[in-house]
Amino acid sequence: MKIRTMIRHVREGFKNITRNGWMTFAAVGSVVVTLLILGVFLTLALNLQAFTKDVEAQVQMDVIVQQGTSRSDIDSLEERLKSLSGVKSVQFVSKEDGIQILKEKLKDNADLLTGLELENPLPDKFVVKAADPRDTLQFAEQIRTFPFVDKVKDGKDVVEKLYNVIDVIRWVGGGLVIGLVFTAIFLISNTIKITIFARRREIEIMKLVGANNWFIRWPFFVEGLLMGALGALIPISLIALGYSYAVDAFKNTLIMVLPLEGLIMQVGGFLLLIGAIIGTFGSAFSVRKFLKV
Amino acid sequence: MKQWTHTRSNSLKCLVEDVSKAMIEMQDVWKTYPNGVSALRGIDVKIGRGEFVYVVGSSGAGKSTFIKLMYREVRPSKGSIFVNGFNVEKLKEGKIPLMRRQIGVVFQDFKLLPQLTAAENVAFAMEVIEAPRKKIKTRVKEVMELVGLGSKLNALPNQLSGGEQQRVAVARALVNHPAVIIADEPTGNLDPETSWEIMHLFNKINQQGTTIVMATHNKEIVNTMKQRVLAIEDGQIVRDERMGAYGYED
Amino acid sequence: MKQWTHTRSNSLKCLVEDVSKAMIEMQDVWKTYPNGVSALRGIDVKIGRGEFVYVVGSSGAGKSTFIKLMYREVRPSKGSIFVNGFNVEKLKEGKIPLMRRQIGVVFQDFKLLPQLTAAENVAFAMEVIEAPRKKIKTRVKEVMELVGLGSKLNALPNQLSGGEQQRVAVARALVNHPAVIIADEPTGNLDPETSWEIMHLFNKINQQGTTIVMATHNKEIVNTMKQRVLAIEDGQIVRDERMGAYGYED
Amino acid sequence: MKIRTMIRHVREGFKNITRNGWMTFAAVGSVVVTLLILGVFLTLALNLQAFTKDVEAQVQMDVIVQQGTSRSDIDSLEERLKSLSGVKSVQFVSKEDGIQILKEKLKDNADLLTGLELENPLPDKFVVKAADPRDTLQFAEQIRTFPFVDKVKDGKDVVEKLYNVIDVIRWVGGGLVIGLVFTAIFLISNTIKITIFARRREIEIMKLVGANNWFIRWPFFVEGLLMGALGALIPISLIALGYSYAVDAFKNTLIMVLPLEGLIMQVGGFLLLIGAIIGTFGSAFSVRKFLKV
């Protein structure tokens, strides 16, 4: 193909956007709305994922040291725990710290414990966190076999329930996002298909006048790319705007939200990618049907 | 007024090409449309290089079907078709455009691209063969003036009168100097004077060696410009005369 | 062959209606299209009840524009238009269909509904006036046979030849026995024989009192059937003759 | 309008569905996918709402009775609490019950509390729930003024945080549902608009042949209604099927899901309503633009 022909195709692609005015407008409208909903969803899903990661990261286990273990044995146990690959942090909590913490837990009824400081029945312990919280229960099994370890409290019941809930949230969230991605792909390519169906006579005429398939396809490629990109830029801007308000609104509240820049790069990049790819190939693919003349 | 012998002598210029072979040839061609209408029944015909052929026949006789077979708008149910050395039916998909670029077609229903201006419609046929932009611009202006539409370059098809649209279709068919011009009723929407202008144009082009096949209902034109006449009735060629006449009396 | 006087006498049957008033009247009508093309420039014309009028003129002269004004497909830039007592321009939106139902139009580009069969296209014009189904069925068959398409009732427009489509358009214009038939080049795609059949049909209908306005390029028809001829050139009426001729020599 | 004309319009509406074959098919496809995503969302949102209601319903307050209050005074306090309009339940927890509960709470360290039974320092209390959990804090204020009430532990901090989270979930969920409803309406009507735009020439011809606006509109009404209904029935079936699996899958798990029948009635009814209304009026509305001939 000659360069001037390539230039011609790009020029025609641009012109077609305005030539088909109303129809292109409507189609881009559909792309915008579809990608907007997808983008809002991705934004929420990414935040939800960050939130569940955060919750998971709080999972830890108490490694209870046997009563009467010597300081040096405790130190060597600490070394051993720290040397486990995949362990993120090991924090020593002495029996004295333990009483304080228990008191805080009982709050109003803390006075029940007065006097216990003198003959402290609590053990020394280590609070251990795994780098990957999902390994916690496994580490617990392993640590139980270590010397000087009385028992390991991994809160198995609670942790398993927590994982259960998090897994459901992730599956549902992930399923929705994937479903929405496919929905968006379908809706965008379907809309483009309809607009091209409405122009099938023109494609037929072009073929009858001697155009080959690529000559006809190229301007549709360009047009589709433009429509997709245009249809992505609008929702990206809207989401960036809306999200920056949300970040402000949730500042100083319990709810943690991801920072604007990184999120917009991810969501925006993805929307632009979908818009451009589906726009381009959706239109090229739909044209194919009418090229058999 | 041109004579058949005249045409012959013109075609001699093309001796380097395969003159012995016909420009258009149909061998036992049948066409039955999917809905069961039998439009053509056993067409055998040869049209030589440089010939000028009128195709006449009543409405629904099969003229357009006959013509559409030549550039593969319609596929035959049976038989073979050769155009300028191409075996039209055996052509690989990728070659079809090459074959069509040898043929300039004036469609009965014009088939203009509705989104493009008159000039753009004509230019399209040149863009397809990747002609340089400047050449396109000058040539498009030239043919538009030949058909009397020098002032309508930027009008969209729906901003043109019926006859003007028809002339844009004629201009598009001429623009690439094709080896064959196939015109389906190209003067149906034109007044007699403009019709004659178009016919003189076709005549001149024919004298330069272009083969012309033209379906028409215009008795006056056929009878005045003595050329080969193919009469189709009910899907069959019922008459094939050198220097013929329209030949129907009312 | 019919004479103007003949037509006049026929229209006497309509005395109960307002014969003194013209069937179609245009007063100083101008039309400039949005793109600046001045298609009509000061048209003043009266067409009586029962008249048969040919509108002639070269391609792009303004014939179709003149005709489209009558049923309000095109709106004038200036001037007033009266058709069968309706002030076309002053009509309330809801009344436009009523006005149009008085007029049978054969459009230059046929304007058939592509999804409907030939018979359904013709029937549509009757469904619009809420005719009973049975009556529609018999009448549609009747007019389809009148135009020679009795065997093409169930064909879709794109399964018909150019001339067949044109005759469907003619059938649709006739089907409701309108007060006026406006035909824009109704024989452009027809062979001479079929053209004459259509013209005889129009003639018969005209003799029954229907006003007919027909734009045409068919010199032979105009010259043979001596009727009133309106010649339009460059947007103006340059000739208006009772029992006129096509009047252009080439 | 004559009855036969009405019949004709309905017949034409049905016929048009098949006449425009491919295009109608594509348009219904878009309606199906749009309503599917909306339906899945509604299903999740309804379940989420039920879940948050459930969590809210667990909010309660402890009304601590002053030490040494006589049984009859306690009884009259109970009467008084129960007579408050808007209070759902009042449960008496004696100091003895209190120790048991505390022991369970401390679990492994329960032995710390041995001996406390004898000189029980815990108070008697009432556990009070409001009919509308949101009124809990208000009731707490009110109950604090009652005689024999030492203090009211309404867990204000925690409850307020909980409400905060629930409110965010509801706002986001509600916002998404409303957003999706509008998206669906836009996408469906836009798709229909494009298909009608592709048929604008036909509408023009009909007008030129003498049809009045209603004559043209009616078949489009019928066609739109059919397309909308068809486009709703498919996602309703899919959601019913999918949800019945989900109900099975979540049986015997932590996650509570709403029963199939009620949910499908609500979601299905809503989708059908949207499909039918947008189909009908979307098409009628789009036709209007092309009636000015």
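The first chain written gets the first letter, and so on, giving A, B, C and D; residue counts start at 1 in each chain.
The rule is short, and it goes like this: contacts are C-beta pairs under 8 Å (C-beta built on N, C-alpha and C of every residue); 3 or more make two chains touch, one makes a residue touch a chain.
Computed from a prediction, not measured in an experiment: that's the story for all the values here.
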Each chain counted as touching chain B and chain D at once: A, C
Where chain A and chain D are represented by their mean Cα positions, the distance between them in whole Å: 25
Interchain centroid distance [CA atoms averaged], chain A/chain C, Å: 68
Centre distance in Å when chain C and chain D are each reduced to the mean of their C-alpha atoms: 62
Junction residues of chain A - those touching two or more other chains: none
Overlap residues in chain C, where contacts from two or more other chains coincide: none
Overall pattern in which the protein chains touch one another (line/ring/star/complete/other): ring
Pairwise chain contacts, counting only pairs that touch as defined: A-B, A-D, B-C, C-D
Footprint of chain B on chain C - complex, ascending: 33, 35, 37, 56-60, 63-64, 108-109, 148, 155, 159-164, 166-167, 184-185, 188-196, 217, 219-220, 246, 248, 250
Residues of chain C defined as touching chain D within the complex: 71, 73, 94, 96-97, 100-101, 105, 107, 111-115, 124-125, 127-130, 132-133, 172
Complex contacts: residues of chain A adjacent to chain D: 22-23, 26-27, 29-30, 33-34, 36-37, 40-41, 44, 102, 108-109, 111-113, 116, 121-122, 153, 161, 164-165, 168, 172, 176, 179-180, 183, 186-187, 190-191, 193-195, 197-198, 253-255
Contact set on chain A toward chain B in their complex: 1-2, 4-5, 8, 16, 19-20, 202, 205-212, 215, 293
